[in-house]
């Protein structure tokens, strides 16, 4: 049994805590959150213990591993503290919004031989995983182009935007990780464009963009396109297209049911897409936790490491640079 | 060049005439229709000759073959006249509404060694043909069940219903032919049910049914279900499912375009189905004419013969018998 | 908290026990199974208690309700015993293979005012439920035709066939329930055909059929077709089509992922269907248990009652009668 | 009757000539091609006249309009000659590979008030047109992102590559036109990347790229992505996605039939895509000719003008500049 504590009892912490509790190879030892009764409420639901002190929780002798689901600006300190105490870590993305700080943390983790997994949950979505398996099995030969469409159902609150680090570090970062994973090679060149077409005033205030496109190339010539928008009225849009020398692979979005409607106005009409990431990626979060527990229980390498978090952030930073300068940026 | 005359310049005659005219291996010698200016108008459009006399037209020395697209009750006389004069015939279905009369005609054609093709156009629909090719290629092993959904977009005029011979002889007859074609064996047993749910009063007046289901079995145990309705608000519905020991085959309906719409209310919404048989089976009519001309030009056997018309009518008659008696009818 | 015991620790009992254990409004008090260590093993996994004696378990003071997942021939005795002790029951279908015995049981339950739910799990499948909701909302107007395709991935073991009661009572029974549910009216007429095309020898030995079609009509003229086969190489096939005066509704099968493959040979190729009912209807079993617990916790009427079990069995019996006599059977 | 001559009897000339011949509002007066018997052969098939001299054919008194389907380097001369003689022109793209020459020609046409339509056939594809109609009808609100996937089934012969002007001027040029058409605004910024992954040696020899991506932005912030590849094993891939503030629109590729196959290995497998533009865009070529004839017969404005050809070529030139310099190019 892997003994796990979850740090942070917000939206994402609750998902992780539940998945630890339901995982037959893991025990949810404790939940820590300094704010109000969040940890206590969640612990009561899941028959676990609550704490207001994440640091103390990390240090508990009966804790083998921690899941970090606290606000981004606390990640690095908690992560390094856990690593120094010999605890394994599943850390929510991003490690930090500042690349230099991330680089230091990654170096320190390497020095200490820390066991750290980055929470890029989409890699554990069953369909995304099947895409990757098919690529690995050579079903489409050499990958030539990756096309990623990724749109949120609606704008986040203005308060969130201010501390999000901007669309590339907050939203596209997931797509950068998927791009690297599907390309199988590091991009060497990136260019990006951005627009303020959903809510111009809000975006100007936040110094952010609500609609972006990114274009990348690897050394061997593989190409990737990413499009993002903060608002899609039809739901949370998550599509991948992998085109290779021997074929192409696609996934589809998820809907609540498989029902199709035929009427005088339309045929084959399906429901709008599942609304947001907690529903859409429910299986992915479960699979992510299972992979983390499996890596710990069976001494396997972490399936996603700190370096992956660093590379995705680097791409986000360079995309912003390209957008601001109007130049393609070499990596 | 196969020299062809078209008898009948109504809706179906116009289709055939145009397809003869466009077929590079055929010449449209004449169009005959005793009513008004129909033949003349059509002949003007297609640079052909017009006549008010179908019999005379059959007898023209420069006519090798005739297409019979006149009212049903004239089919047998014109058909036999043409056969006796040594002309090949493409005859619209049904040969006649009376099975005894059809049997006599079929026997006479056989006696005279007539070259007659029955116009079961759906066999020449590219998708239907691909289904049959896949069956023949053994892709789904032994056929076990055939499911046919076939619904018209709307009720015909009351005047038409009176002389249609009833839903089984008028509408299901096409599905009976497809059933025989896909089953690859003759049904030995049939049962049918009928309802008056689209327009009860109209159906009572016409002594007909607007909604039916049919169930059949062959000697080796292959099964077939057919459903029909005279009215489907979403368009003209034409679907086949062929289930076999090694897989299954399906076709889809046709829409005007491939556009899919995603909105707040629905995703993947497509247009209603192509509205009726002239549009839906435009390619099938072309293919039918091409097969007729090819059989004549290259002395091949007719792809659909009078016996096929007789068998489909027999099934229609027995379906009605089953509906009226509430019994399964042996064939 | 509704306190529930599960009787039977076989395949279906395990599903129910797990769903009780995971339901936040229920407690899994005990699992009873007279055979070997099945109950003990399952109880250990789910932190519950085990018993070898279902009757004793029913009588426990701390048991409010029981789930009957034992062999069919024990259903009636356990069911009535529970009802007499004032316990609510979720009973697997069929109540019994003998209609007279079922009628007695249903009458006795009514006399005792028993709280009994029949486990027709498919009614709780999210897509099936959405179909029914759309019908209830009037989206397709009046229902005219229901078409049900339902095929198993492979033959059950010969030993199972002997005691299954035949394909209509074992397999079609689910489709009969769905037919009644979607039709919204009782059938008044049924006819059925059956074949032995998957394994003739096995079916002759078992005096059963592996491939059947059923046709039914209600008093107002609604129609229903069901097709079944014990073997479909592409997986577990579960499709409904509901055709009405204002449109039509369809569900689709489930696959492991949404991946589509394009290669030189084919495009849009998806994976074979989820293999069998435990996977395909996992959500339906959860929903069924949630509905049972909800009915008990909130004193709601049972969503599926003993009468529904009786009616489905009646249809199965009459279908067999029709198949054997070659006649349509009035109900 | 619009009297039309077709210049060029190669692959594209044959399509146009046949569509003129079949158009009921037009007459195919003549076909001119200086090479061998091409014009004579085609004229024989279509009951028209042949000439070896395009210039003479333009000058015929009985010619109202010409279709230019000759090699690219002859377009400008023939086009201007026709315009000067007061003839209307449907000119294959591109007008010329040299932007300066195109600018001169466009200016000259304007000066002479010439009636010239550019043959961007894809605008007349029924699905593309429906996308545009839906945009115009406001169905998806304001356009935000356009995603175009456009891949050829296989590499052209090396000889063709040398004179093609490169992938942007030869292949992407169609996508640039569709981008402008769907965006409803001119791009102000473009960046492009290119790879040689299909056939590196061939591409180095031809100084060309076989796989490219392009990214564009309009002044109001609308974005467009285009991806191209010279080889896709699954067929000719032509997909558009238009994402707007109120929804999204998609088209699908065309296959020979609608058949779907279910087997042990896969479900819903469809045929590979229609192989190339002559089949895929057969309806578009017909629609294009109908629009040209309609504009002439009814004195309507040309639906696609020389300026559209000029703008698409400009985008192609700037895309190449961006690829070569690694910089985003302002327009």
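All chains are identified by letter, namely A, B, C and D, in their written order; residue positions are counted from 1 within each chain.
Methods note: a residue touches a chain if its C-beta (ideal position, glycine included) is under 8 Å from a C-beta of that chain, and two chains touch if they have at least 3 such contacts.
Chains and their UniProt names: A, B, C, D = Myo-inositol 2-dehydrogenase/D-chiro-inositol 1-dehydrogenase.
This one's a predicted model, so the numbers in the text were calculated from it and none came from an experiment.
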*Is the C-beta contact count larger for B-D or for A-B?*
B-D
*Starting from the mean Cα coordinates of subunit B and subunit D, work out the distance between those two points in Å.*
40
*asked:* Can you compute the centre-to-centre distance for subunit A and subunit B, using the mean CA position of each chain? Integer Å is fine.
replied: 57
*asked:* If a residue has to touch 2 or more other chains to count, which residues of subunit D qualify?
replied: 233-234, 246-248, 253, 260-264, 271
*Please categorise the chain-chain contact pattern as a line, ring, star, complete graph or other.*
complete
_subunit C - residues contacting subunit A, complex_ = 126-127, 129-131, 134, 139-140, 246-254, 256-264
*Provide the residue numbers of subunit D that touch subunit C in the complex, in ascending order.*
233-235, 253, 255, 260-273
*asked:* For a test of understanding, state which residues of subunit D touch subunit A in their complex under the given definition.
replied: 142, 144-145, 147, 149, 151, 189, 191, 193, 195-198, 211-213, 215, 217, 220-223, 225, 227, 229, 231-234, 237, 241, 243, 245-248, 322, 326-328, 330
